[in-house]
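Note sheet for the following structure.
So that you can tell them apart, the chains are marked A, B and C in the order they are listed, and the count of residues begins at 1 in each.
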Amino acid sequence: MTLLEIDDLRVRFGTAEGPVLAINGLSLALAEDEVVALVGESGCGKTLTGLSVLGLEPPGARVDGRIWFRGQDLRTAPAKRLRSVRGGEIAMIFQEPMTSLNPAFSVGRQVAEALRQHRKVSGRQARDRVMELFELVRMPDPRQHLHQYPHQLSGGMQQRVMIAMAIACEPAVLIADEPTTALDPTIQAQILDLLADLRSRLHMAVLLITHNLGVVADIADRVVVMYAGHKAEEAPAGELLRSPEHPYTVGLLNAVPQPGMHRGTHPLTPITGLVPVLRQPPEGCVFGPRCPLVTEQCQREPPQPREVAPGHLAACFRPGELSPGAGGAEDRGRPAAAGQGPA
Amino acid sequence: MLWAIIRRVAIAVITLLLATLVVFAAVHALPGGPATALSVDGTSPRVVAATAREYGFNRPLVIQYGVWLGQAVRGHLGTSPITDLPVSSQIAQRIPITAELAVLSLLIAIVIGIPAGVLAAARPGGIWDWIASVVALGGLSIPHFWFGILVILLFAVHLHLLPSGGFIPVTQGLGGNLEHMLLPAVVLGTGLAAVLMRQTRSAMLESLGADYVRTARAKGVPEWKVIGVHALRNSLITVVTVIGLQLGGLIAGIVTVEEVFDIPGIGQLTLDAVYQRDYSTLQGVILLTAAAYIIANLLVDLAYAVLNPRVRATEARA
Amino acid sequence: MTAAAGALTAPHRHWARLPFAGRPLAQAGAIGAFIVVAIAVFGPLAAPHNPSATSFSDVLAPPLSPHHLLGTDQLGRDVLSRLLYGARTTLEAGVFATLLATLLGLPIGVVSGYFRGALDVVIMRLIDVTLAFPFLLLAVGLAAISGPSLWNAVLALGVAQVPAVARIARGETLSVRELEYVQAALVNGERSIAIMRRHVVPNVLSPVIVATTVAIPGSIVGAAILSFLGLGVQPPTADWGAMLAQSESYLNQSVWLGIIPGLAIFIAALSFNLLGDGVRDALDPKRRR
């Protein structure tokens, strides 16, 4: 059953040189208990998507579209309802735990605040619950951490505090925005493991925003690949990794080191060029300028996401024509394909 | 935390000692030496020499400094040759008056400046931001003494609402006291409020753009609390530092405002001492002001440490 | 998202090329400051009367009197002429004080930052002690020692600003010192004095100049305060602060006497404040709103 549905999301920023289109018609659904990974390069609009769900987009952003949650459009919901959703029913954790925690308050107080915002509890009850949460996120000494300040904790501990804060009210949805990017690799694995464990224990649906396809394989049920504010491909996680249909997904996979890959035989293949900054809705496919398969049709009309297999969507006129491990390398040097972003 | 306090207090004491040394040296650098300085103009050289013996000015400087410091610490600041009154009792009489003025104006500055800065930062570019910023620029540019003259012209000369100056002690009625203190405190507080408003606004704008504000919103904290608790608490750290930097200006403001409104406080005592070349009084007043300034700065440092958990824990302040 | 943010900042760089374009307040400040400086330079030439010429038949005339556009004071002196002459005195005091602070503070800060170590610690501690003396006390002390005068006021105001300049210069020196060409000069065995003069000072100069520009309105008001208190300019020299001080006893008869010089100080300080804000904003993109 669908719990959260993003329907035709469009986000624009006004600038002196005309509006910038950050997200253009993105739709995606999250079912109860499901983990959906939102994948793409930096600047493709995935963080903005997460923020828009909770109405936290930065000032100056114009957001259109609907965010359906439990039968209500959050974009038009009254402020009071939105506040009760934030942290109560949909919680969010961020990329930089250091700056995301308030340096002036103890971490115990900050977690308790999340709790007391949505539940009527006494100070003692809140404190007990915070210690319970600290234990749940596997912090070594809950009683001591209660009174510590963010700067006294390591990055991994800070992110655990952020997670404790997010799950304080047992939300139905957790939006995790690159929760491990700022952490050491060993800590990354611990945090991901913790998230996977918590979501099965608390029956949360998770929208995991990441640029790391390796992470996706471990915990996501379904994957949505975003490119320049558009949905490029959507499929069950295993299927997407096995048989990607969109050339951009193929490019992404080729850029991920695989176990068993040897230097020389399968070189890592970068996707040439940059994610374009869109100043107006593009004429054709947004990936066209960087795509090895680009045709005249691609330059004329934008491809819409179409079902290429049951539960597998790709926004491409030539899905499946490029296979992982091949493709990119030979076509990489094509000058016409590389770096034509209007940046 | 405790170490941080001890360190600050120690630095304050050393600074104060150095200040006494400067004051002592300044008086001894006076043309004709301190004996001439302590005598009324036109005193015969013989009397000056007697004064020198009486005060021990013929002894080595180091010993003189020690004796002088010892007496100053015990509150003996000598006798004014003009009024023949002990300097310490003259100062003691005037401290409450100046303290009342300083506290009232600081209160006015904080009550107006900080909320105005918060309001302006809540909607940058909005109508309140514009009004507050323009008013603050005006308040920053208007010299205290002219502003004082203007309010006297308006409220005393033109409207006859409030007295144009003077002072009534609290013991003779709180109403009369406040009536006389209101205009000076407002005049003094306005300039400071302008500085506080500008600093609060820019600190709040920075805080409101911070990630932790987004976190607070993401957990459903209502906007008034996001602004008034999460962002403000961090902004206050900067604002408190600014208050410390304004103390020197506040002292200058007190002297001018006391002059304009004819308030018999420390400022007037200082100016009278300058005009009458009353060096004993001057020495005492300068010492007192330096001490007050250093102590106020110490209090600001401590407030900073209380507000900023990083300093509290590690006492690392650049 | 980051790309979008980058795109958002790009146009502002384009604005920065035109001085204060899109900043009407800073433009108003620049124009006001220019007018005030012009009056200080050329004002005395335009003055209709001798600013010290008294006329006891014409005392406390209101503004728009036949021969006196802004009226006369208690001695019958022409207010407009005194205002025009006073601009020079007041502005001179403010500018010279700031100049003095730069001339003293820059070498102190550069030497402190360049040699570091014990010398640095001692200098910075002394600077802290100087900071403990509010400028007014310094002025009071100087006036007490050598009598009140314009130059004592300038000296007090200037010395009071030395710590701020020295700190900025020291901070900049510390970073410039680490630059490769300075290190290269050190290795080449150039003398410290030459290195400081040729490499360090030119690099440190521009942030110091910005800081002092921002400090000018404070100096102007400070000079006016000292004159008002009788610790600065002495009569009969025309000065805005002194004019206000003399007006105090005559406010009942002539309101204008108390308003006109103050308005002049206010406008000068406001213009320089607006200009200072503009300069700072233009040079520091972080402060852009």
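FYI, a contact is a pair of C-beta atoms (placed from the backbone, for glycine too) under 8 Å apart; a residue touches a chain by one contact, two chains touch by 3 or more.
Since the structure is predicted, the reported quantities are computational estimates derived from the model, not experimental observations.
**Student:** Among the chains, which has its CA centre at the largest distance from chain C's?
**Tutor:** In terms of C-alpha centroids, the chain at the greatest distance from chain C is A.
**Student:** Ranked by contacting C-beta pairs, which pair of chains comes out on top?
**Tutor:** Most contacting pair of chains: B-C.
**Student:** I'd like the Å distance between the centres of chain A and chain B, where a centre is the mean of that chain's Cα atoms.
**Tutor:** That gives a centre separation of 54 Å.
**Student:** With chain centres defined as C-alpha means, what is the inter-centre distance between chain B and chain C in Å?
**Tutor:** 22
**Student:** So in the complex, the part of chain A that touches chain B is made up of which residues?
**Tutor:** Answer in residue numbers: 51, 54, 56, 83-88, 91-92, 94, 96, 99-106, 113-114, 117-118, 149, 151-152, 162, 165-166, 168.
**Student:** State the interface residues of chain B toward chain A in the complex, per the touch definition above.
**Tutor:** Contact set of chain B toward chain A: 210-212, 214-222, 230, 233-234, 237, 307-310, 313.
**Student:** Note which residues of chain C are touching chain B in the complex, please.
**Tutor:** Within the complex, chain C touches chain B at residues 25, 128-129, 131-137, 140-141, 143-146, 148, 160, 217, 221-222, 224-225, 228-231, 241, 244, 247-248, 251-252, 255, 258-259, 261-263, 265-266, 269-270, 273-274, 277, 287, 289.
**Student:** Under the stated contact criterion, what part of chain B meets chain C in this complex?
**Tutor:** Within the complex, chain B contacts chain C at residues 11, 15-16, 18-19, 22, 26, 29-31, 124-125, 137-138, 140-146, 149-150, 152-153, 157, 202, 205, 247-249, 251-252, 255-256, 259-260, 270-271, 273-275, 277, 279, 282, 286, 289-290, 293-294, 297.
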